[in-house]
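The structures considered in this document are given below.
Both complexes below contain chain A, partnered by chain B and then by chain C.
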Partner chain A sequence: MQKKLNQKAWFLVLPVFLLVAFSAIIPLMTVVNYSVQDSFGNNEFYWVGTEWFVEILNSERFHSALGRQLLFSGIILVIEIPLGIWIALRMPKKGWGASLCLVLMALPLLIPWNVVGTIWQIFARADIGLLGHTLASLGIDYNYTQSAFSAWFTVIIMDVWHWTSLVVLLCYAGLSSIPNAFYQAAKIDGASRWAVFRYIQFPKMKRVLMIAVLLRFMDSFMIYTEPFVVTGGGPGNATTFLSIDLVKMAIGQFDLGPAAAFSLVYFLIVLLMSWVFYTVMTASDAEANK
Partner chain B sequence: MTLLRRIRITPTLYIIFLMLPIYWLLTMALKTNAEILGGFSLWPENPTLANFKTILTDASWYNGYINSTIYVVLNTVISLIVALPAAYAFSRYRFMGDKHLFFWLLSNRMAPPAVFVLPFFQLYSSIGLFDTHLAVALAHTLFNVPLAVWILEGFMSGVPKEIDETAQIDGYSFGSFFLRIFTPMIASGIGVAAFFCFMFSWVELLIARTLTSVDAKPIAAVMTRTVSASGLDWGVLAAAGVLTIVPGAIVIWFVRNHIAKGFALGRV
Partner chain C sequence: MAEIHLKDMAHSYLQNPQEPEDYALKGLDHVWEDGGAYALLGPSGCGKTTLLNIISGLLTPSKGSVLFGGSDVTALDTAHRNIAQVFQFPVIYDTMTVRQNLEFPLKNRGMAAADIDARVTEIADMLDITSQLNKRASNLSADAKQIISLGRGLVRSDVNAILFDEPLTVIDPHKKWLLRSKLKELHQQFGFTMVYVTHDQTEALTFADKVVVMYGGEVVQIGTPEELFERPAHTFVGYFIGSPGMNILPAHVEGRTAMLGDMQIPLGCDYGTPKGKIEIGIRPEFLKLTTGTDAAIEGIEDLGRHKIARVKFAGHSLAVLVPESQPVALGPTGLAFDPACTLVYKDSHLCEGAV
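Right after this comes the complex of A and B.
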């Protein structure tokens, strides 16, 4: 659609601009302010320049938290995206079965995040939990409060449980926009199952898949509440992801300067990645609209 | 018939996987603490509603649900009111800096809440809004307004521009055109946007917990405190968890026909 040039449109955007500026720019400036100053308490601050940034960027703690975070987000994407596509392909296309599937699958998405943590905490405990008890009675040494591997396993399966439905719903939306005539034509041509997927279904899903990858990457990169409730970042620091580490630093230890520098570096990483995704997405949109 | 069954087996297995932990939470909620810790059983031997009764009769518990509902509804209303005109502007006009503005809005959806915890606490304390429902509602607009704009823009772009022009020729002012003709046309989009605002405000805990202490404490925060204070009251904790799932389930039921399109942000 050709859009008209109209500078007065700014008046329509102004309320959003002011509201988001209030809740984004003011807090962000506070963070910037802290990141370049140090304090001995009593609200006395002095300028330290880039000291905190140098400290954070060179700290072992930040590197290992970032490493764990990247590993976690990577594993999440590798599991959830193919699984989501596969389930969406196998879902009933219409009727009450489809509605029932959609409602049941969307349910985990609307559970408060700390309750998700609580559910899995209960579910995975070796003494009272179904999963923990089953694994223990199979003779598997599973205890997410003591073994790092068990903790990772729990956190990952929890995230798969929580968020795969988002990928399924997105792919399902993409698939249901394909007219039936496409499938009939493929059938007449004798196309294989793989060819139907490769040349009909996948191109239609590409756009929503991009949104799915973007959302799943961002949200897993910012994950805080669920692993915090289940493992508290432990055992040791095994599941201390970036957000958990940051909150520990800012609220727990009240290291305002380093925490602020940490925040800015963290935000910049997320922003850079989302800018790349967004650019790729809009570029392929423009191509599709040609 | 066998073919039909084979096709459906994957979604069925997946849904069983989704439901198992929820089932486990429900059985916990129906057991007494003695039964939970006493031995392992797949279903409650003597189902009891005592845990639910504890929550529904104790003000410190059920006020949590009321507080959460108030700020979630407040947030949804605020987000939609400011997002509607903005989404219209983005879907219909080009203006100075529109693309940058749109990306800047989206970038707030991608901001880690952990980054904003401390500054939000100081900001809302200094303007005297700390521990009010309004503070949480305003803080949640940080990620809900951009999302609402994004979703609504997708739906609005699906409405042909000729409608606007015809209404203008028929002598409608912009305001009455927008409220009486345009808004009803994107009603499903508004429903979907409201659903998402509700959802993300309902599930968020970190910011809501930081901005409240007593008067506006959300249910999620009430739950965390009880765990640490009274040791491990698994039964009541599970019952509280079950009750937090109910509003979500109700909302999903209402939007079930639009949910797939909604998750694709109106852009399929």
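Right after this comes the complex of A and C.
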């Protein structure tokens, strides 16, 4: 039977297409538009081609912000992922203790970013903050407004406090999906604590762990609000991460063209890194299914 | 290999058990012979798995002790009991190959690499999985995975007993049969003590030398399949085993006669005048339809090989097994009881009569 060609079905896709167009495609294309033009106000634009991209990719400022950003994401992943796994392994599996732990774990996740920033901004202040003042009175030279190390320390501790819970909850979900028989079999096989983790818990956690790593990488790579509230990117440029730098450029200096090019490069880096993480972490699974 | 002795053992999941109902297992005292194949049979929640977990050392009984070959192992943990267990759902180490799975228990016990290799090769050969040794275990089918879990138990030469906790639940029906014959064959070859938990009577009866029937936390009968069929020690065994189960009817017994309303049924032995809750039990296989009018056929189920007639007799409904060749029709009929196979139960337990 000859199939009748019917193009009317395209209309069914139209609402979604419009929604995506207005929420993602059109704004993105606007940015693309800015990135290849220069403007002196008055709504007058001049074609500059790839000039802004070349400028951004060669700029010292971008390189150092990118370096800081990579360092920051690297540090928080190295801390939060093992810490999250460790806490999840030690959380009670049932009873009121389990519920209490889950609520406590979820609390930091419920606090808005700028409030987290404000809490830590005050908490870590060397003159009145509980943490800052205690450290200072112990004779430790701690002041996040003056020392770059203190600022980094504060921003990292804040992020670990805010987001380790997410890793914990994801790992905990992965762990609770393991049937009891696996632990019993491991006991019978005489497996050590480490072997139980290595051969039972870790393989079962791997999928959720991948999501945890991706989420934490993307979020930390795009971090803006908390360091902006606490340090404002300072002292100097010590905690000026990519997004803070981008906002300074776009809104502070109103350099729309370079900022747009910056945004696109930034976006592509996040995309590329996420792809790399995903590929590396699923490589062993793909091999197994061959 | 060793015999298993459960000595005055009881278990409760509560801290301070008071009433008999608080116990998941109520007073067991049994010796299971070395090299025997035992099936634990009973409905869900009767304490089968509790008993199995006590034997494997995953649970410590609240009272009494467990002895393997004469030595008390109650306080030993699972790893030191030399027990292997196959679970309901296949437990394999996903990231390992089949070979690594089999090596795992030996490696954990610090065996030399050459010995491990020899042992694994030997066991793989016995289980017919030599060709799969280098495959990833996670890609295998459920029955192959169960074979590997069994293999992890068999590679250890020190195993006292292998426990099976409903191991065929997730296996396809036609593979079930293959796996079951494989298990039987291995049992004959190795002679390990085998304890097999199931709620499927066919599985239990075809598999075990001795079937341990459990009900409400108690062992109600330990016997060969034949004993369970012909002389159930408890009314529960009567209707749990057999398809359909035994007909159990409340009756009044005097000497060699049971009175069922105003019907008289001859018995094979003299029971005197027992007191308590008296019931008679007869299997559908030992009832015959005759030419009479004191009973009525209310329904007929044709099962192919034979027919089951539902017969109303003295106010009770009974199942009667009718040979396929005998014609049956709804309506009045006579019913003959085989006296030798009509058993008397007092408070649910079998009464022994004088011949």
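The criterion applied here is as follows: the second predicted complex is superposed on the first by the 257 of 290 C-alpha atoms of A that agree within 3 Å, B and C clash if a C-alpha of one lies under 4 Å from a C-alpha of the other, contacts with A are read in each partner's own complex, and residues count from 1 in each chain.
Just so we're on the same page, a residue touches a chain if its C-beta (ideal position, glycine included) is under 8 Å from a C-beta of that chain, and two chains touch if they have at least 3 such contacts.
Remember, it's a predicted structure, so these values are computed and weren't measured experimentally.
*Asks:* For A:115 in the superposed arrangement: first (chain B), second (chain C), both or neither?
*Replies:* Touch partner of A:115: chain B, not chain C.
*Asks:* For A:191, select first, second, both or neither according to whether it touches chain B, chain C, the two together, or no partner.
*Replies:* The second partner, chain C, only.
*Asks:* Would you check which partner chain A:179 touches, where first means chain B only, second means chain C only, and both and neither mean what they say?
*Replies:* second
*Asks:* Comparing chain C with chain B, which touches more residues belonging to chain A?
*Replies:* Per-residue touch count on chain A favours B.
*Asks:* Identify the partner contact of A:280: answer first if only chain B is touched, second if only chain C is, both if each is, neither if none is.
*Replies:* Neither partner.
*Asks:* Have a look at where A:16 lands relative to chain B and chain C in the superposition and call it first, second, both or neither.
*Replies:* A:16 contacts chain B only, not chain C.
*Asks:* Between chain B (first) and chain C (second), which, if any, makes contact with A:221: first, second, both or neither?
*Replies:* first
*Asks:* So in the superposed three-chain picture, is A:199 touching just chain B, just chain C, both, or none of them (first/second/both/neither)?
*Replies:* After superposition on chain A, A:199 lies in contact with chain C alone.
*Asks:* State which residues of chain A lie in both footprints, the one left by chain B and the one left by chain C.
*Replies:* none
*Asks:* Mind listing the chain B positions that touch chain A in their complex?
*Replies:* 7-11, 14-15, 17-22, 24-25, 28, 36-37, 40, 42, 78, 81-83, 85-86, 88-90, 92-96, 98, 101, 103, 105-120, 122-123, 138-139, 141-142, 145-146, 149, 157, 161, 199, 202-206, 219-220, 223-224, 234, 237-238, 241, 244-245, 247-249, 251-253, 256-257, 259-261, 263-265, 267-268
*Asks:* Quick one: in the complex, what on chain A touches chain C?
*Replies:* 179, 181-182, 184-185, 187-192, 195, 199-200, 203-204, 288-289
*Asks:* Considering only the defined contacts, which chain A positions touch chain B in the complex?
*Replies:* 1, 3-10, 12-13, 15-17, 19-20, 22-24, 26-28, 30-31, 86-87, 90-92, 97, 99, 101-115, 118-120, 122-123, 127-131, 133, 161, 164-166, 168-170, 172-174, 176-177, 207-208, 211, 218, 221-222, 224-225, 229, 242-244, 246-247, 250-251, 256, 259, 263, 266-267, 270-271, 274-275, 278
*Asks:* Which residues, counting only chain C, touch chain A once they are in their complex?
*Replies:* On the chain C side, the touching residues are 56, 58, 77-79, 83-85, 87-89, 91, 93-96, 104-105, 108-109, 136, 138-139, 149, 152-153.
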